[in-house]
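As structure tokens, here come the structures.
Here come two complexes built around subunit A, the first alongside subunit B, the second alongside subunit C.
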Partner chain A sequence: MRTLRFLLQKEFLQIFRNKIILRIIVVLPVMQLLILPLAADYEIKNIRISIVDHDRSAYSRQLINNIVASGYFSINDYSAAFEQSFEEFQKDHSDLILEIPARFEADIANQKGSEVLIALNAINGVKASVGSTYLSRIIGAFNADIRFRDLPQPRYPAVAAIEVVPQFWYNPLMKYRVFMVPGILVMLVTAMASFMCALNIVKEKEGGTIEQINVTPIRKYHFILAKLIPFWVIGMFVFTLGLLGVARLVYGIVPVGSLLTLYAFLAVYLVAMLGVGLIISTYSATQQQSMSLAFFFMMIFILMGGLFTPVDSMPEWAQWIARANPVAYFIEVVRLVVLKGSSFYDIRGHFLVITGMALFFNVWAVWNYRKTS
Partner chain B sequence: MNREIVIQTERLSKHFGDFVAVNEISFEVYAGEIFGFLGANGAGKTTAMRMLCGLSIPTSGQARIAGYDVYKNTEDIKKNIGYMSQKFSLYEDLTLEENIRFFGGIYGMSSRQIKAKSDALVEKLGMENETKKLVGALPLGWKQKIAFSSAIFHDPKIVFLDEPTGGVDPITRRQFWDLIYEAADRGITVFVTTHYMDEAEYCNRLSMMVDGAIKALDSPANLKEQYRAASMDEVFYEMARGAQRKAD
Partner chain C sequence: MKQFLTFVRKEFYHVFRDRKTLLLLFGMPVMQIVLFGFALSNEIKNARVAVYDLANDAASRRIIEKMEGGGKFEMERKAWNREGVEQAFREGKVKMAVVFPAGFDDDLSHLNHAQVQLIADASDPNTANTLVNYASAIIMDYQRERMQAAAIPVPVSTEVRMIYNPELKSVTNFVPGVMALILLLICVLMTSVSIVKEKELGTMEVLLVSPFHPLLVIISKAVPYFFLSLINLTVILILSVTLMGMPIAGSLWLLYGVSSIFIMAALSLGLFISNVTHSQEAAMLISLLGMLIPTLLFTGFMFPIENMPLPLQVISNIVISKWYYIIVKSVMIKGLGLAAVWKETLILVFITVLLLTMSARTFKNRLA
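After this line comes the complex of A and B, so read on.
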């Protein structure tokens, strides 16, 4: 225990003496939490639209008004010929073309029905499909509106319409930020803890000080504990700063579930991720190697962790990888506890898995760290 | 000199695949002795030394360090030795005092012992004004003196020095050797590798390693007589000439 005390004292002295590390711990998470959620937003706005209006009637103007008023579209050009708009489309000045036929108003008034054409630039598939969905919805609403207002009501509705009224729970305004911020926080804590821990040990290898440690009676687990504890503390700090600081003050996200549940999971999760950092450090001889390795794993962990895309929609084999990915568990737990208010009992399965992973990674790391060769 | 044996090796070898880095070396080192371990680059000195320190497990042969077996009792060996490698191995982002406190602490010294000894040490080294400076900011010669002092701070039975004086001026080297003599007077056995033949002359006994094997082992005076050489330089050339291995 005395040995551990001296080791810890040394580690904390070194960390707090390193001005850059201190800045990384405090400034980086705040910056990233302020910037990243803005980028990781699936809400699509500013869809540039070209409108070809062959009708130029009160109805067509009203439809165009409705499109602009929705706030999702900005009109790029308004023309009377499809070719003219198509040229804009080809130059990538507009994302979609809406063509309103001649006799649009007249056909509707005569109850003949009318067709509008939507041409989409599908290079950005998300934008195209979201754009067409928005547009269809606006046109549908317009349709219902004029039918109700201007056309004679049939005595008996021809088809009983089933209207679906969705109710959104846990994130009622469907704000992506509310969904993304907790996930990004996980990513930050993960990257920081495991990268810093791996680099710290490899730095001792490069500098030759680890050799000095290896010829002393320091035990393997003392050395490893002394490396784990400081970064565990830092991980806890960064998470707290992000959750109770930025997420609460800037995004107004107040965890619905219990903080105790969240921190209990975080505590074990950090041990698991630090174990990953340790494993990386035992396999690398230089900081460059450990950086490359850590980066490789971090990409997989994050992209396959359900941060940006739901794990459920991955192919079967990819879901198996996600199941071995500690980050996926934590992202899920954070979202469940923070947004949905899940209790410890609800996440007990996740907790068991992460405990297993923490044990597995650390036993592996200790086993692979050798004082003698 | 008393003849208590503190290092004893018997046909000690280390192979890396097909490469025989150390080939059946047998020798003894006595307590309080300054034992020079000479050889060209790549002759196998560092590998041999790493085995004696418990950093590397031998492929075959026997060795006992301070009475402990190099296969079974590596952790006991580590309690009884000090080690200073050619790479400067203090923490550059800690101060002199913090480094010493750390190394003293992990060898189980009490805080009071550490404080008393480190004050005495700072005074002896004349570094009273440098105690608050980070070690990384000190000149190389000073760092080496501090590294040596921290290697013997816990009063080990044996201290292993792997080319401790590389890259410093002759005056600093001379001062460094004063520290070595002082340690030997206190009864610490000094096991040192070097490339400086003037330093070789300071040793009580020398061994010469060529191609992983020990070619000669005697006092500097006897070696010179044996090879009819005026200086250790000549002895070294005479022996290293026969080497098959390329220096790395």
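After this line comes the complex of A and C, so read on.
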């Protein structure tokens, strides 16, 4: 126990003496939490539209008015030739082109029906399909409007109507930030703690100071624990700073669930991720190597963790990989507890898995650490 | 010149002898293309939906069947109750619940009006919105089915044409983004770390006192990564054409030319970071934490830049990967020529020159 205390003292001294690292620990997470959630807004609005109107009639003007009034679209240009608008489209100044044919009004009036062309930039498939859905809905309403107002017609029988009543739970204002902030916080804590931990042992290897420790009677697990605890503390600190500082004061996100549940999970999760860092550092000889390895795996962990794209959308095999990903569990738990107020009982499954991972990774790290080179 | 080549050879040895770093250099592009190509997608499918069917009649069953058919929903058809639905939300087991009130079909047939409730878990607003939209479309479709007999005229029909990516594959959007991300990160990270490493271990002192010009010492460090990046670019392009069926619509020469400029910009950023840091640890943290996430966000392939608040849109202009991403999209997917991307290219050139001048200014040929 005494050995551990001295080792810890050494580690903390080393960390606190390095002013740049200290600054990075405090400033980077705060900065990123301030900026990133503002940027990570997936809601699709402001679709820029080019309109080619060959008809220039009352009807075409009405359709255009309806599109503008919907609030989803902003008109980029209004031209009389498709080529002209297509140029804008190619330059990425507009996202879609609506072409209204000549004789648009005449064809509608004599009930032949008319057809408009919608050309979308589908490089971003999601944006394109959302844009076309919005536009189809507007045209649908335009149709209904004309049908009942202007067209001579036999009375249609009353139509059975199903009313869809949507309810949005847990986030009725549909703020995307509320969803992103906890996720980004997880990513920052994970990256910070495990990277620094991965670099730490290797630093002693590269500098040669590890030899001095290897010749002392310090036990393997003492050494590993002493490397782990300081970063565990840093991880806890960064998370608290982010959650109770930035998330609460700037974004007004107050965890609905209990903080105790959250911190209990965080405590175990950090042990697991630090274990990953330690494994990496026991396998590498230089800082550059350990960073490469850490980065390689962290990239997979984060991308497969459901932060930016939902885990449910992945194919079956990828979902299996995601199940072995500690980051995915923590992102889910943070979102469950912070946004929906899930209790410890609700996340018991996640907790068991992460405890298993924490044990597995750390036993592996201790087992693989060699006192002789 | 001979001296310079010798130094470049030394750097190549450094790179190739370190197997674990090579994993990052060549493993990452492959891994990312595979992940983005096959695993990650913004499209929502297989979302689990709790069916809380109090009606259990022909109409409700037909709607549930239709929802099941599209591949978007996985309907969980056990006997739910209100508490059960809430519990499932809190455990994250379902994303949405459909509630049919008792007597749904009767109401519909006799009163011509019935309600369906869609309860979505809006802690993820995007998914919630999309799911509600999908479900509403299916319900409307059912309604149309019921009134098929009454042929109602459609004054305006639409022809929708998806240009550049008719199958709406998400790779098309991601590949240019991944190219930008990988080239940038590898160049910045590797150059900055390999220079700072020599500083930290003291071997830099030896290099600086050699008769060779100190600036060239630094530049020779960047040369191997320039070529490695070009190899990476080739690997990415081959993978995306063969595995993902992506087109290369424009000129390959132009693509490589512009990529070279981008790589140089990234390398000069790496040089600059190495000048202002003294430990590998700091260089890595700055390159990774300070660059990775902003690059992911501000390049524009994950989140649309035009949605961001104005100050952030302004900031996104200094993220060099954004310009490269625009160029790659135009050249590779749209098949445009230099005439369409000269402005972006010029910006990249300008940033490179700026970074190089700043690096040369801050460069010190004494360590202490």
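A few notes on this one:
Simple rule for what comes next: the second predicted complex is superposed on the first by the 303 of 373 C-alpha atoms of A that agree within 3 Å, B and C clash if a C-alpha of one lies under 4 Å from a C-alpha of the other, contacts with A are read in each partner's own complex, and residues count from 1 in each chain.
In the analysis below, contacts are C-beta pairs under 8 Å (C-beta built on N, C-alpha and C of every residue); 3 or more make two chains touch, one makes a residue touch a chain.
Here the structure is a predicted model, which is why all the values come from computation and not from measurement.
With both structures placed on the common chain, the touch criterion links A:13 to subunit B but leaves subunit C unconnected.
In the superposition on chain A, contact is made by A:46 with subunit C only, not with subunit B.
Looking at the shared chain after the overlay, A:2 reaches subunit B, while subunit C stays out of its contact range. Between subunit B and subunit C, C touches the greater number of residues of subunit A.
In the superposed model, A:214 makes contact with subunit B only, not with subunit C.
The residues of subunit A shared by its contacts with subunit B and with subunit C are 18. Across the interface of their complex, subunit A is touched by residues 53-57, 74-75, 78-79, 81, 83, 85, 87-94, 98, 101-103, 105-108, 134 of subunit B. Every residue of subunit A that touches subunit B in the complex is listed here, in rising order: 2-3, 5-7, 9-10, 13-14, 17-18, 207-209, 211-212, 214-219, 371-373.
Of all residues in subunit A, only 18, 20-21, 24, 28, 32, 35-36, 38-46, 48, 63, 89-92, 108, 111, 113-129, 132-133, 135-136, 139, 142-143, 146-147, 151, 153, 156-172, 174-176, 178-179, 184, 187-188, 191-192, 195-196, 199, 203, 206, 283-284, 286-293, 295-296, 299-300, 303-304, 308-310, 312-315, 318, 321, 332, 335-336, 339-343, 346-347, 349 touch subunit C in the complex they form.
Only residues 18, 20-21, 23-25, 27-28, 31-32, 35-36, 38-48, 87, 89-92, 95, 108-109, 112-129, 132-133, 135-137, 139-140, 142-143, 146-147, 150, 152-166, 168-170, 172-173, 189, 193-194, 197, 201, 277-282, 284-286, 288-290, 292-294, 296-298, 302-304, 306-309, 312, 315-316, 326, 329-330, 333-334, 336, 340 of subunit C touch subunit A when the two sit together in their complex.
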